[in-house]
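This is the structure I have questions about; it appears just below.
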Amino acid sequence: MVMTVEQAVTWVEKTNALVQSNKEYLTELDQAIGDGDHGLNMSRGFQEAEAKVSSSEYETVGGVFKDTATVLMSKIGGASGPLYGTAFLKMSMFLRDKPSVTQADFAGAVEEALNGMKQRGKAEQGEKTMIDVWHPVADFLKNGQNVNAGKLVEVAEKAMEGTKDTVATKGRAAYLQERSKGHIDPGSTSSFYLFQALADVWKEGE
Amino acid sequence: MVMTVEQAVTWVEKTNALVQSNKEYLTELDQAIGDGDHGLNMSRGFQEAEAKVSSSEYETVGGVFKDTATVLMSKIGGASGPLYGTAFLKMSMFLRDKPSVTQADFAGAVEEALNGMKQRGKAEQGEKTMIDVWHPVADFLKNGQNVNAGKLVEVAEKAMEGTKDTVATKGRAAYLQERSKGHIDPGSTSSFYLFQALADVWKEGE
Amino acid sequence: MKKVINNPDDVVREMLEGMTLAYPEQVRNLEGTTVLVRKDAPVDNKVAIVSGGGSGHEPAHAGYIGPGMLDAAVAGEMFTSPTPDQVIEAIRAVDSGQGVFLVIKNYTGDVMNFEMAREMAEAEGISVEQVIVNDDVAVEDSSFTTGRRGIAGTVFVHKIAGAKAAAGGSLKEVKEAAEKVVANTRSMGVALSPCTIPGAGKPNFQLEDDEMEVGIGIHGEPGTKREKIAPADDIAEELLQKVLEDSVDFDKSEVAVMVNGLGATPESELFIVNRYVHSKLSEKGINVTHTFVGEYMTSLEMAGFSITLMKVDEEMKQLLDAEAAAPAFHR
Amino acid sequence: MKKVINNPDDVVREMLEGMTLAYPEQVRNLEGTTVLVRKDAPVDNKVAIVSGGGSGHEPAHAGYIGPGMLDAAVAGEMFTSPTPDQVIEAIRAVDSGQGVFLVIKNYTGDVMNFEMAREMAEAEGISVEQVIVNDDVAVEDSSFTTGRRGIAGTVFVHKIAGAKAAAGGSLKEVKEAAEKVVANTRSMGVALSPCTIPGAGKPNFQLEDDEMEVGIGIHGEPGTKREKIAPADDIAEELLQKVLEDSVDFDKSEVAVMVNGLGATPESELFIVNRYVHSKLSEKGINVTHTFVGEYMTSLEMAGFSITLMKVDEEMKQLLDAEAAAPAFHR
C-alpha cells in the first residue's frame, strides 16, 4: 500500500465528508461530557482543509499534509485543533522529502503524529482522549502484517468504543470524573472517522 | 344603616380576608393586562392594615379609616397604593368629627373618596380602572333608597364585570390598547372585594 | 420558577443589604427604609437627584448612585413603585438646601407616589422639581391616555441631570437639562422570553419557541404585538425604524445610542445588535457620538433588549462626557 | 433555541464588530483577526497583558481591555479556544519590547493554543511569560489529571497583573503577581439553567424545574453533581464552604469577594448571595476588603452564579485599588 498525492487529497476529502455528515453526532457526544462544540470545530476545520487541498497542486504527500496541518491549526481551535494540527504537521515533516510514500513510511508518519500529539496534549493512552484511537492504530500500522482497510476500521472502531468504559483524566471530560464513564469520547470518534476515511481510500485503490 | 367603629374595623378585616383568599386571582388578572403584582400589593397592604386596626383602640370611624389610609399608603405602593390610601384618607377626613356615622355620612365619605381618587389618578369613569367600580357604588349610596347589602354587591359586581369589555386608557393596561379588551380590570376586582366585605358587615348588623 | 432567593417577601430588603455591603464606600442605606443614598449625602451646594421605582430593574436604580449621577435611589417591591413615605425619606436625606430633582418614569404608580412625596416635601419647605420620562415609542402617544412608558432612556436622564447638578446647575437648570433629554430620547424593546416576579411564581405571558414579543416594557407586561422570531438584523431594524420614525427628527443629527439588555440576553448578542444599529445609522448620515451596550435597565431575567437613541447637542455631549462614578456607570 | 443572532457562523465576527463600534476610543480590531487590542497599543515601556479564550463569556475578555488591565484579548469561536495564529497576532501587536504576559485559563485547548503561539513568539525574539488560572474548586485537584478549571478568578488575575504592568513591573514581576493571585484565589459555581452554543442549537444538559447543577464551569458543561434547588443562603453556603475548605488558608485573613453572574441571573439575586457571603465571612472573622458583584465571566445565557474569594495582602490590595479603565472594569 503506497500513498499517492491524489490519495492524500482524497483522504482529507473523505474525512471531511464523514465529519460533515456526523457533525451533530460529534456535538452530541461532546455535549454529554464536554462543552458541545466538537462537531462544530471539526466541521469548520475539515471544510476549510478540503477547500484548500482540493484547490491546490501538490508534488508530495508531505505537502498535502502540511497545508492540512496549517488549516486545521488555524481553523479548529479548542483542544482538537492543536492536536489534529500537530498530527498532520508531524506526518508532513516525517514525509517531507519522500517523493512516494510506502506503507512503512506512512506507519512511521503516524507514529510521529502520535508522539507529537502525546507531547502536545501531555496525554497517555487510557485517558479517554483521541490518543486512545491513535495509539492502537499506530501499533497496527507499524506491525506491518495484514494491514488492510477492513482491519484498520476494525482496530480504530474497537479503540473508539473502548473509550466508553474509561474515566477521563485528560481534556474537558476529566472535570466530570466518574460521570464521564459510559460515554464515548468525541475526539476518539472523529479520529475514528479519519481512519475510516483512510480505509475507504485504500479500498478504492485496491 | 349606621356604621360603628367596630364595624369599620370588621370591614377592613373582611376585606383583608377576601384579598388574601383571592391573592392569586388578583395577580392573574394583573398578569393578563398589567405587571402581575396586584395580588401581592393588595395582600401586603391589607394584611398590615388589618394588623394595625385590630390591635388599636378607636373612638371614631374616621380614626379607623385614617390608620387604614396611612398603612395602605405606606405598604402597597404601585398605582393601587396611593389610590386606596387616598380613598381611606378622604373618607376619614370627611368623617373626622363625626362620633357616629349615618348612611348619609357614609355616602358622602365615599363620594369624597371617589373625587380624591379621580384627582389623584387623573382618571374618569370608563377608563377600565377601579374608578369604574367606585363611581356606580358612590352613586348608589348617594341615591339613598333601597340601600342594602344585596344591592350593594350587585352594583359593585356588575361594575367590575363591565370593565371586561372596555379598552384601558389609564394605568398600565393602557399600554396594551385594544389588547386590554376581554379582561377584567384587577383594581376593579379588588374594589369589588372591598364592597363585598362591606355588604357582609351590613348583613351581620341586620 | 427558579430563583436564587430566600423568602419572596425578603427579596428587596436582602438585595439592598447586599448592595450596601458591596459598595460600602459609595452608598449607605437610610435605616428602616428602602432608600440608598450617596455615602456623603447631602452634598453641599448641589442640587440632589433622586430616582427610583419598582425593584427588578437592577442595576437601576441604586447602581447609578454616585458623583455625577444620583444622590439617592428609592426601591419599591418587585415591579411596584415605592411608597411616598420612602420617597420623602430620600428627599429629606439628600437635600442640601439647593433643592431636589425627581426622575420619575411614566407609570401611574410612580407618578402618583413620587408626586405625593413631592407635595409632602414642599410642605416641609424643600424645593422639588421633577421630570417624567416617557421614551418608549412602542406605545402610542395620546394626551387622553396614560401616555408612554419610561424605559432605558431614563439612564440618560440620570447621567445628564446628574452631570448638570454636579456642574453646579440650579434646580431650574437641572430640570431644563432633563427635559431636553426626555424631548430627544426614544426607545423600543423586544422580549424573547418572559420574566417572573418572585412572589407571583409564574410569568405574565408565555412565548412559543419561535415567538417574540415586540414593544415590551420593563415590568414583564405583554408587549404591543407578537411576531415570529427573526434574525438579529431584522429585529434591530424593526425597533430602530419605529424609534427613527417617531416625533424626534434624527435626520443628519448626532446621537447617543444605548443597546440595553433586559436581563438574560448574552452581551455578545447586544453587540451584534449594536453593529447593526451603527451601520444603519451611518447609512442614514446619523452620527453616533456615544455608545452604551450592556444591562442598564433590566426586567429581571427577561431575554430581550431595547434600543434607545438620544439626539444630542453640544451641551448634552459635554454632560455625557462629564465624570461619573456610580457602581454601574463610569466615565 | 432563541437568540438574537444572524448566522451562527457569524456570531463572533459580528460581536467583535459591535464591540469595536461601541468602544472606538478604547479598542481596535487587528484587521482580519479576532483580536481586539488597546487603541494605543503597543504601550511604550510596559509589559503587555494578553488574555482570551472561547467567546461566550462576555464581558470577558475584550471588556477588560484598557489602561490598568489588558492590552489585548483574543476571541475564539463560542466556547472554543482561539487558534495560535490569532494569539500570535495579539502578541506581536502589543509587545513594546518589555515582553508579553499571557493569562490562560486551565483548559487543554487554551493551554495548547496559547503555548503554541508562545513558542512561535519566542522564536521571533519576543519574551513571553504566562500564568495558568485554575481557581475552580469544584474539580478535584490532581497532578495526574487535567487539573482544575479557570473561571471567574481570571478577572482578578487581569486586574492585578494589569495593575502591576501599569505600575512598571517587569515581566518577571508581573508573572509573580499573577501567580500570587492564582495561589490565593478559589471559586465555585452553580447553574439553575443550561445554555446553548448558537451552532449547536440545543443545550448540553437539561434541568428539571426543581433542580440545579452544582460545580458548573463556564462552557455549558454539566457540573459535578445535581441537587434539588435550595434557598439562596443554602446554595451560597454550599459553594462558600467548598471554597473555604480548599487549600488556601482563609482563616482570619483579608479577602476580595466576587459574586459573578453566569448570564441570566438578575443582579438582585447576586446581591442576595453577596449579603450571605459577607455575613458568613464576618462571622468567621474574615475581613472583606473588596467586593465585586455582577457579570464578569459569563456562560452565555446560563442562569446561575459563582463565588470567588481571593486572599489578599497589602500589595494585592494596592493593585486592586489601582486605576483601571476598561469598558467592563473601572476603578
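In order of appearance the chains are A, B, C and D, and numbering begins at 1 in each one.
Criterion: contacts are C-beta pairs under 8 Å (C-beta built on N, C-alpha and C of every residue); 3 or more make two chains touch, one makes a residue touch a chain.
In this text the structure is predicted, and so the values were computed from the model without any measurement.
Peer 1: On the document's contact criterion, could you list the chains that touch chain A and likewise touch chain B?
Peer 2: Looking at chain B and chain A together, no chain touches each of them.
Peer 1: Suppose you hop from chain A to any chain it touches, then on again the same way; how many hops at least until you reach chain C?
Peer 2: The distance in steps between these two chains is 2.
Peer 1: With chain centres taken as the means of their Cα atoms, state the distance from chain B to chain D in Å.
Peer 2: Taking the mean C-alpha position of each chain, the two centres sit 54 Å apart.
Peer 1: Rounded to a whole Å, what is the gap between the Cα centroids of chain A and chain D?
Peer 2: About 32 Å, centre to centre.
Peer 1: Could you state the distance in Å from the CA-based centre of chain C to that of chain D?
Peer 2: 29
Peer 1: What chain-chain pairs meet the touch criterion?
Peer 2: Touching chain pairs, listed by label, are A-D, B-C, C-D.
Peer 1: Any idea which chain D residues touch chain A in the complex?
Peer 2: That would be residues 54, 76-86, 107-109, 112-113, 116, 138-140, 144-146, 149, 197, 199-200, 202-205, 217, 219-222, 224 of chain D.
Peer 1: Provide the residue numbers of chain C that touch chain D in the complex, in ascending order.
Peer 2: Interface residues on the chain C side: 1-7, 11-12, 14-19, 21-23, 55-56, 58-59, 63, 192-193, 209-210, 212, 229, 231-233, 235, 263-275, 278, 288, 291-293, 295, 298, 300-301, 303-305, 325, 330.
Peer 1: Chain C touches which residues of chain B in the complex?
Peer 2: Within the complex, chain B contacts chain C at residues 27, 31-37, 39-41, 44, 73-83, 120-121, 169-172, 174-177, 179.
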